[in-house]
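Each structure below is given as structure tokens.
Okay, so subunit A shows up in both of these, paired with subunit B first and subunit C after.
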Partner chain A sequence: MNPELKQALVDYLLAMADDELILGHRNSEWCGHAPILEEDIAFANIALDEIGHAIVWYELAADVLGEERDTYANRMVYFRDAPDYRNAQMVELPKGDWAFTMLRQYLFDQFEMVRLEKLTQSSYTPLAEAAAKICTEEIYHLRHTQAWVRRLGLGTEESNRRMQTALNELMRYYEQLFSPSLADTLLFEANIVPFQTELMVHTLELIVPFLVEANLIPPRGSNFVGPNDVIYRHEHTEHLNDLLSNLQQVARLDPMAKW
Partner chain B sequence: MYGATVDPIEDIRSDEEKLAEFEARIARGEKIEPGDWMPEEYRRQLIRMISQHAHSEVVGMLPEGAFITRAPNLRRKLILIAKVQDEGGHGQYLYHAAETLGATREEMLEALLSGKAKYSSIFNYPTLSWADMGAIGWLVDGAAILNQTMLAKCSYGPYARAMVRICAEENFHRRQGQDIVITLALGTPEQKAMMQDSINRWWWPTLMMFGPHDTDSPNSAVLIRWGIKTKTNDELRQSFVDQTAPELMALGLTIPDPNLYYDETSGHWHFGEIDWDEFWNVVKGNGPCNAERMATRRQAHEDGLWVREAMAAYAEKDQS
Partner chain C sequence: MTDTQWPRYMVLHQEQDNKPHQHAGTVHAPDAEMALLNARDVFVRRPDCVSLWVVRADLIFTRTQEELALHPDWLGNIQAAGVPTEIYYVFAKRTQKGQFSHVGEVEAENPAHALKMALQQYPAVDGLVWWVFPAKAVLKSTPDDIEAMFAPAAVKDFRDQANFHALSVLRKLMRKQETSNEP
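Right after this comes the complex of A and B.
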């Protein structure tokens, strides 16, 4: 692999890893605070899976770079500052209410399923294999979050109102998951990753009818707005700093110490 | 709720005869099962204990849960999430075990949120540093295991079986705590100081977990007679000190008790007197975090109200 392509692949893997890590972090904030005990358990499990998937992607990036897996993963998580994180803004937003949390997880899961299915065809075998493995777990997340979207969309007037509010808020950020970078073009040409626009089309084909069936109206119909809205992956909301100061607090007390 | 169903064949024996048979079964080491006849007091004590135990698991998610987002590396983070999740799972089994006696989840939750039901006082102490994850795992879970190992042999079948399963998981929790304590005790001077501070704060509250002296424990006699408890509070507390004190000291940690020494004649560790004023004060709701823990539980319950209403409304629509 030429150095440019290698770097593009590492950036792609880091963006995937950061998305999962930060989403897992937000989900883990519910542990002990969920609306029913069964969800304290189920949602902690989803958080655990997301962070586990993040580790898979960090380690794959370490392999590409020839670095030691565990050291690299921990360095990426605990010793990068916000501008170096590559997660989408959608996952760093505060957990909000149960409607916001569940809808975010559903939108992310559906996007992720579409991407993972494509990634199983990747010409880079380690990526294809990891995607296939993660797919088997994501199916359960998607089932779980779909059930909640339906329940809350169709439940009471209040639950529907909260879901619609969450949807209006989240759709502003959702598009960023599909915005391509220059590096993505290199990877696409090498058949390593799918084309971002293709992912968007497929994802929207799945989520729009599903949301409508749950009595929710996707804002602006089934389209995102034009290129003026593009948010780059190094751009973050003010929430990421707060999140990282919490996440990295203990590890940074003594970076050389073993914990 | 099958504990509340009535046997279709009427049992015409007198209560004295039934009680004699019940006690004979316990003496033979048989398990009492949900549909079996049992004295009302046995049922009442079990519901009290099991629901209290379930509440402890659920409230117990909070002090450690507060460190999930701050765990210092990815491995510790995954383990801590899994551990706190296990505690939720234990709460769930235990609520089910109490339901076999006729209590409902709603009643039990209501009793917790109104402050009527108790939970383990240990969770009314704050978690102030990462080292507390070690102390809770090793000391608090270690103490809980001694109690639960005894309860795994108790006379009520569903409680005993829940305990067998819970103990297996608690042993992992204890081991992860021990691993944190060892890492910090053998780490940098700052880490060791952090660990020592944590032991200083958690040692006495852990000893209090076993409850009052046997002479001051109003429920002990009947619980032992009916095979719910098979050891006294003081016996369990002594086993804990015998087991844990030398292990902590071997790591170069000190125990905040000037009266602690190994007594060669008895073969046990002698320890100082517990501050019972502190104990009763925390039990009565005046510990450092009682108000905060309850406020957090109530907040989660209130915030979840619209969700539970939506679940119920959806379930109804889905059926029609």
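Right after this comes the complex of A and C.
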């Protein structure tokens, strides 16, 4: 692999890992606060799964760079500042209410499912293998979040209103998950990753009818943000700083500590 | 006052194909589908699950050995009325510490009739407590669910309490302290 392609792959893996880490961390904030005990356990499991997936991607990136897996993942998670994180803004937004959290998780799961299925065809074998493994867990996540979205969308007037509010808010951020970078083009040409626009088309084909069935009004067409509003992955909201200060606090107290 | 609590579902899980379903515990859920999902998260954190059933707790007809002994006429008075029958699952708890486990099926007209049939059909089972419930009241996982619902637990050893050694480490430290305190 030439150095340019290598760097592009590392950037891609880091973006995937950061998305999962930050979303997993946000979800973990419900631990002890979910609406019922059973859901508290279920959602904490999902949060753990997402963080577990993040570790898989960090470790793949370490392998590409020839770095040691453990130290690389820890360095990436605990010792990068917000501008170095490559997660999409959608996953760093505060957890909001239960409707917002569930809908965010559903929208992310569906996008991830589509991407993972494509990644199982990647010409970079370690990536294809990792995607196949993670895929089986995502089937379950999707089943869980779909069950909630359907019930809240079709539930009471209040639950439907909260879901619609969450949808309107989240859709402003959703497109960022699909915006390609120049590096993505290199990776696409090497058959390592799928084309971002294709991912978006497939994902929308799945979420739009599902949301309609759940009595929610999805955004019109595929262009829900507008061409002037492209958000780059180094741009973050102020919420990421708050999240990281919590996530990194202990590790930074004593960077040399052995765990 | 309205009860806002969701109904309870009994969770029955099977560890291997050749073993009976056993009672794992209960979950609250608004409906059977959510109950099945909740059951997976609460009770399949460790591997060894090939099938999961959920049934609404209030659809389970139950009698203890003492109740049956106290009212010997009760069973005798139950007669078939010639109305349509359906399949009932029979579960029994055989030891104080043991869980309810699947004994078999009977065809009966109603829950009480099902229990009478069960006692006749399975005389060798010394049940301390019996459960019967209509087979159609059960929501079951499908063989397709195994990979997504149960298989991932096998690689998540961090969910298994046996992998957390805090307690044994703590005991070791305390032992050390005790020895060093000795004169």
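Criterion: the second predicted complex is superposed on the first by the 254 of 259 C-alpha atoms of A that agree within 3 Å, B and C clash if a C-alpha of one lies under 4 Å from a C-alpha of the other, contacts with A are read in each partner's own complex, and residues count from 1 in each chain.
Everything below uses one rule, namely that contacts are C-beta pairs under 8 Å (C-beta built on N, C-alpha and C of every residue); 3 or more make two chains touch, one makes a residue touch a chain.
Note that the structure is predicted; figures quoted are calculated from it, not measured.
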{"item": "Simultaneous placement of subunit C and subunit B on subunit A, clash or fit", "value": "clash"}
{"item": "Which superposed partner A:Lys258 touches (first subunit B, second subunit C, both, neither)", "value": "first"}
{"item": "Which superposed partner A:Asn45 touches (first subunit B, second subunit C, both, neither)", "value": "both"}
{"item": "First, second, both or neither for A:Pro35, with subunit B first and subunit C second", "value": "first"}
{"item": "Touched partner set for A:Arg143, first subunit B, second subunit C, both or neither", "value": "second"}
{"item": "Contacts of A:Leu182 with subunit B and subunit C, given as first, second, both or neither", "value": "neither"}
{"item": "When both partners are placed on the shared chain, which of subunit B and subunit C touches more of subunit A", "value": "B"}
{"item": "Residues of subunit A at both interfaces, subunit B in one complex, subunit C in the other", "value": "36-38, 41, 45, 48, 52, 151"}
{"item": "Residues on subunit A engaged by subunit C in the complex (per definition of touch)", "value": "36-39, 41-42, 45, 48-49, 52, 136-137, 139-140, 143-144, 147, 151"}
{"item": "Of all residues in subunit C, those that touch subunit A in their complex", "value": "6, 27-30, 33-34, 37-38, 40-42, 45, 147-149, 151-152, 156, 158-159"}
{"item": "Complex contacts: residues of subunit A adjacent to subunit B", "value": "25, 28-29, 31-38, 40-41, 44-45, 47-48, 51-52, 55, 70, 73-74, 77-78, 97-98, 150-152, 154-156, 158-159, 162, 246-247, 249-251, 253-254, 256-259"}
{"item": "Residue ranges of subunit B in contact with subunit A within the complex", "value": "58, 61-62, 65, 67-78, 81-82, 84-85, 88-89, 91-92, 95, 130, 183-184, 187-188, 190-191, 296, 299-300, 303-311, 313-314, 317"}
